[in-house]
Amino acid sequence: MRILLINPNTSFAMTERMITSARANLAPDVELIAITAEEGVPYIASRAEALVAGTTTLELIARHQHGMDAVVIAAFGDPGLIAARELFDLPITAMAEAAMLTACMLGPRFSIITFSHALTAWYEDAVALAGLQPRCASIRVPRAAFRSVHDVQHELEDDLAALACRAVEEDKADVVLLAGAPLTGLAARIAARVPVPLVDPLDAAIGQATLLARLRTRPAQAGRFARPGAKTAVGLTPALAAWIEHRNEAAGMPAPHARQEAN
Amino acid sequence: MRILLINPNTSFAMTERMITSARANLAPDVELIAITAEEGVPYIASRAEALVAGTTTLELIARHQHGMDAVVIAAFGDPGLIAARELFDLPITAMAEAAMLTACMLGPRFSIITFSHALTAWYEDAVALAGLQPRCASIRVPRAAFRSVHDVQHELEDDLAALACRAVEEDKADVVLLAGAPLTGLAARIAARVPVPLVDPLDAAIGQATLLARLRTRPAQAGRFARPGAKTAVGLTPALAAWIEHRNEAAGMPAPHARQEAN
Amino acid sequence: MRILLINPNTSFAMTERMITSARANLAPDVELIAITAEEGVPYIASRAEALVAGTTTLELIARHQHGMDAVVIAAFGDPGLIAARELFDLPITAMAEAAMLTACMLGPRFSIITFSHALTAWYEDAVALAGLQPRCASIRVPRAAFRSVHDVQHELEDDLAALACRAVEEDKADVVLLAGAPLTGLAARIAARVPVPLVDPLDAAIGQATLLARLRTRPAQAGRFARPGAKTAVGLTPALAAWIEHRNEAAGMPAPHARQEAN
Amino acid sequence: MRILLINPNTSFAMTERMITSARANLAPDVELIAITAEEGVPYIASRAEALVAGTTTLELIARHQHGMDAVVIAAFGDPGLIAARELFDLPITAMAEAAMLTACMLGPRFSIITFSHALTAWYEDAVALAGLQPRCASIRVPRAAFRSVHDVQHELEDDLAALACRAVEEDKADVVLLAGAPLTGLAARIAARVPVPLVDPLDAAIGQATLLARLRTRPAQAGRFARPGAKTAVGLTPALAAWIEHRNEAAGMPAPHARQEAN
Amino acid sequence: MRILLINPNTSFAMTERMITSARANLAPDVELIAITAEEGVPYIASRAEALVAGTTTLELIARHQHGMDAVVIAAFGDPGLIAARELFDLPITAMAEAAMLTACMLGPRFSIITFSHALTAWYEDAVALAGLQPRCASIRVPRAAFRSVHDVQHELEDDLAALACRAVEEDKADVVLLAGAPLTGLAARIAARVPVPLVDPLDAAIGQATLLARLRTRPAQAGRFARPGAKTAVGLTPALAAWIEHRNEAAGMPAPHARQEAN
Amino acid sequence: MRILLINPNTSFAMTERMITSARANLAPDVELIAITAEEGVPYIASRAEALVAGTTTLELIARHQHGMDAVVIAAFGDPGLIAARELFDLPITAMAEAAMLTACMLGPRFSIITFSHALTAWYEDAVALAGLQPRCASIRVPRAAFRSVHDVQHELEDDLAALACRAVEEDKADVVLLAGAPLTGLAARIAARVPVPLVDPLDAAIGQATLLARLRTRPAQAGRFARPGAKTAVGLTPALAAWIEHRNEAAGMPAPHARQEAN
């Protein structure tokens, strides 16, 4: 099983770290293929940046989906997730949604712990998009500043662990999500210090993508995620334009998957 | 008062029609400046197209905001609205949100009548984004197909009027929104045939933008719509990159507005 | 365009101040006609007083609606708003609803700042009536007491500005409404001290009434705001009884407006 | 135990019928004292009429509360209920709220069956006010017209019974409320024809008032139903003005009740 | 009228106290018959214990329902309530639901005060089951520990009274429920110290059961509470098995009630 | 990885079929251990039966959890799920919750198709328990009756496929869940006939259990799923009593798992 991991941030180092961390919890038959965005910002931290990154995500999926069984959008906040599910036919997950749905099986209410106030409005939108506000106990950020996004999980390790405990004590969280790609891998390190389950969103997103691929459900041909009809588009990258214009089929290019309907 | 109207579709003819229609209900002191997207699709009809159009909308606002008092995003579905409000400092409205908020003053529940099934999932998202699902009685589409987006409001005029009446009778709608930029101007023509108020979303969006500009509220410097800090971005258009990188200020370029805080 | 402003409080001085304040933000073609209640209480501060004021509001609209294009109920809490919309055929707005809907375009969540604890239960009802609880971050009142409703906006100016800042900081408000007719005009004075947009509810209500009048929508002849059939009533004022009994039409009295359906 | 039943409609015949019907299910120690409104309309059927009737209800409670243990507002739609609870110190129930809360113990979802389309918007408001929309399966009205409000329960008996059955079958109602004072007594007559429990709202309202009086809870001195402070009012009836101005206490008039706090 | 009170805890002393306390507020024509569980735990304090107690409750109702007019499940948390309503044909109430519905008539928002943190998750579930989260201001527990469940209402009397006051002041509660069978009777003792009405859940549950029995509604033969068809069951107590297998009717045993449909 | 599959129905044949069906989609490193209830009913179809089955489920987990990595409750409706999560320390999933959460990644709204009207109230409760009502488009049952629960998926195959299509067309479902253990395996067979993804709840539940086990999160020691303290219980099976009384630890019996906290 091949899973395409899209990092919509332009940081290749972050992609490396995510791959390394994810490999610890993979099913034995899963192979990860990781792609890093070449346009956008090094670390998405606003809704405007997320909007731009959403378009980039669509372009990267269009270019790399062939031969894949599922896609993971590797940014908490899930840029482009709904549009990608509508546009493409293979299963797609993303870090915020997957972490929240997974948390729903570990406790009635979850808190989201992250490292920068700039992120919270975007994360609130992700909670709302999933319709899970009633299960979100809080979104919390440490008071301490950090120097580097790349090292933030080490710089603020004690602050983040303490904040997770406060979310349990004060906000009545039953599960804690450590949110934002830069915190990938932190959960395993601080688990013993927090009295409730911690969810690593990347593990959750890859796990859910694996699960969906294993279900081999057919792509929607009706409903809100049915692929839109062919349409002429101006100014897009070639792969995305070809997919939107349905030119892959016309050219005899194989569909990127053959799943449940072929059973 | 100068209001910038952004048409995120690439159809110049549609922009022309919108301007013509809007002028009938303008306040005497309002001037409209209209811009048409040069990249994207002629008519947005999916969430993927809306996502791409959202980025285009940000780029157009960045390029044309100087000297404007407010912005109207002239597509029902509101591509880029939240991101634009976060990123820019002047008041911004869009057709779906403005029409729905306006409808809330005309009746407890509204129905949205549009012309293509492809649009309904996107419009549902717009209702949800505004938190107004409890007030949305239905989203309805005529069974009849149409030949041209440009003429659809004439081709389907009778179907749309009849459907509005059915929304009142069967879905208990108290107000009807005629949704989608291609229906601009239809409300005035069929009002006598529908027993409840009809809202023209473009009129609503321009009216609300006018109202916000007249309030002269200050831009947010805190909260979810505070402008993000400067950030390096790769692969964006010059105006949007400059605004995201805060280079306008550095270059001594004036802020594009001087409102409430200057009172 | 003529807009009827009803002050359901019996304070003529407050009406004067509202007119003066409102004129600063009016569209150039709008004329305000203000009426002060002669029965009731000087300042409505309970649900019982609001109920009584609602009946008074209906009576005043019945008496003064002729020749008007829209009505503004100039009390935050909106006494009689829903009943008035059902009963009368011209557009009607009120301060709480208009301020909240306007705030929805300026930020995801608003706080309501007012000056007396007695008012909060009534204001909560107004938020609930509009279905906007999910967007209301808080309703806050300063601890300090005040001597005079008429001077309260000056007496408590510093407290109210500080409280608005706390609503932003602690309650995560993105917009602040300064609620209650006695605070009319305060927003402009303290805007520079609060880091998010402030909404003056009277400006919002007049702006929205102007917008609705400009849309020239037809009155509802079906749905929840269709005018009730003629009915005999005992013990009401002459104008309200005549309107409820549909005697104006019988007597050849012209309908008070001729809007969208006449286009 | 003495329970004051206020009929806010001006129909004395309806009051008589309600008293007769209610006596069948009273606890042995309960005495009903019934009062009919002298101002207003013979049968409330709009939100405007309900607003006016709410003020009348406050006046009647003020005049007749002395010596009573609880009050029942005997109109489905509950005119003045919240204002009355805030203003007065004895327990108050009303037909819509009491019927709905009672129905919540008889089945997960209830339908409301009534006899006139004019009533449905008002009843929807009552459902919303109680926060019970998720439990309301439908509000239904027979297609057949009726000649007399006084005889409607006989004229439409078959239609109403059939409609109750359809609410069970089509709307998945588990309980049916027969709504509107003119239907008082119908439940017992058609119970054998409907396969789910029927609630008679008057029985429910009197039963709940009896229950509250038996609990002997103290009146609120804090919170949303604490009695407002004394205030000067103009143009009200003497009893209501005296109560609002707290003149009963000043004059040495006894408080109308002595309940839990005296235990 | 005979009301069966089921104590699903195995504490006979608690049953005794409940009976004694309840008699103070009974209608004159009501007789209470109390049964104590013989299997389970002395005091239910977790969802697992509540689940087990739910089965016990069904067994006790099956064994003792004959000749009863209604049933009260005398544990706050309401073990087995929904299942019992579906399975049996007579009216059934329970302490949490009855107290909350009763509180809805005494104030817009209630707080639940109890004595052990172990109980709060279970009580939250009860609030959610009733769909009343929007009306629940808080669930509060004193910090102080207690020695004996049987004496906890005396041990913590001052703490509980103080906490009720804090719920009013800090959580804006308008009514306070003193939750958990061990607090039965406390409301009357501390009422004078708390400025809002206090609800004793046992009084509420018995009062509501009395009310339902007095309404003499028919049992559901359709909908979500219709009795399931006969079914073979293994491993249940004889009375419950007989009822589930519909063997009582087969054996000529009379149905346990003859209510509304016999009118 | 060892996953314990509990069938709370007393049908061994159904357990066999579930095991056979599930093996098709297992990860290569997962071993299933299946247990069938010995007490209860052959097929749970009411809330009363589900309550009894919940207790049985707790007993079976207590007896068989040793050496397991996760538990699957193999009945749609999820008897005992919340209680089991609170009581035990290893990850637990169940068919309804897992299918719904999985469906949330495949489409905005799901419909539940099942085979008997008796099941729908129970399934509604499962939707509500998960807080997913806004995403549930409908619960549908074919009109046709069936002879045998064991063969129902073959008897009604055409009806169920047609109903799934109607849920897409009429209820706007984007995903369909085939609910009830007797339908296990049907999804693969009818996928080509339904234009949206079909979810097999057993595959989803096993997949989610696998995912949770792979995350190796620690058991909650705080919050709503923390294991209750030791307590004396009467009348339970030995394994459940021992676990509730914390006698396993006292006896030196090893904890049944060693997960995240041991990393």
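Going in written order, the chains are labelled A, B, C, D, E and F, and every chain counts its residues from 1.
Heads up, the rule we're going with is that a residue touches a chain if its C-beta (ideal position, glycine included) is under 8 Å from a C-beta of that chain, and two chains touch if they have at least 3 such contacts.
Keep in mind the model is a prediction, meaning the values are calculated, not measured.
> Between 0 and 180 degrees, and as a multiple of 5, what angle does the rotation take that fits subunit A onto subunit E by Cα atoms?
Result for this pair is 120 degrees.
> More contacting C-beta pairs: C-D or A-F?
A-F
> If you average the CA atoms of subunit A and of subunit D, how many Å lie between those two points?
For subunit A versus subunit D, the centre distance works out to 53 Å.
> Rounded to a whole Å, what is the gap between the Cα centroids of subunit B and subunit F?
45
> Rounded to a whole Å, what is the gap between the Cα centroids of subunit D and subunit E?
One centre to the other, that is 26 Å.
> Quick one: which residues in subunit F touch 2 or more of the other chains?
108, 121, 124, 134, 224
> Would you pull the subunit D residues touching subunit E in the complex into a rising list?
So the residues of subunit D in touch with subunit E come to 25, 27-29, 91, 93, 97-98, 101-102, 104-109, 130-132, 134-135, 168-169, 172-175, 188, 191-192, 195-200, 203-204, 207-208, 210-212, 214-226, 260-261, 263.
> For the complex, give me every residue of subunit A touching subunit B.
Per the touch definition, subunit A meets subunit B at residues 10, 38-42, 45-52, 54-55, 58, 80, 82-84, 86-87, 118, 121, 124-125, 224, 228-229, 231-236, 244.
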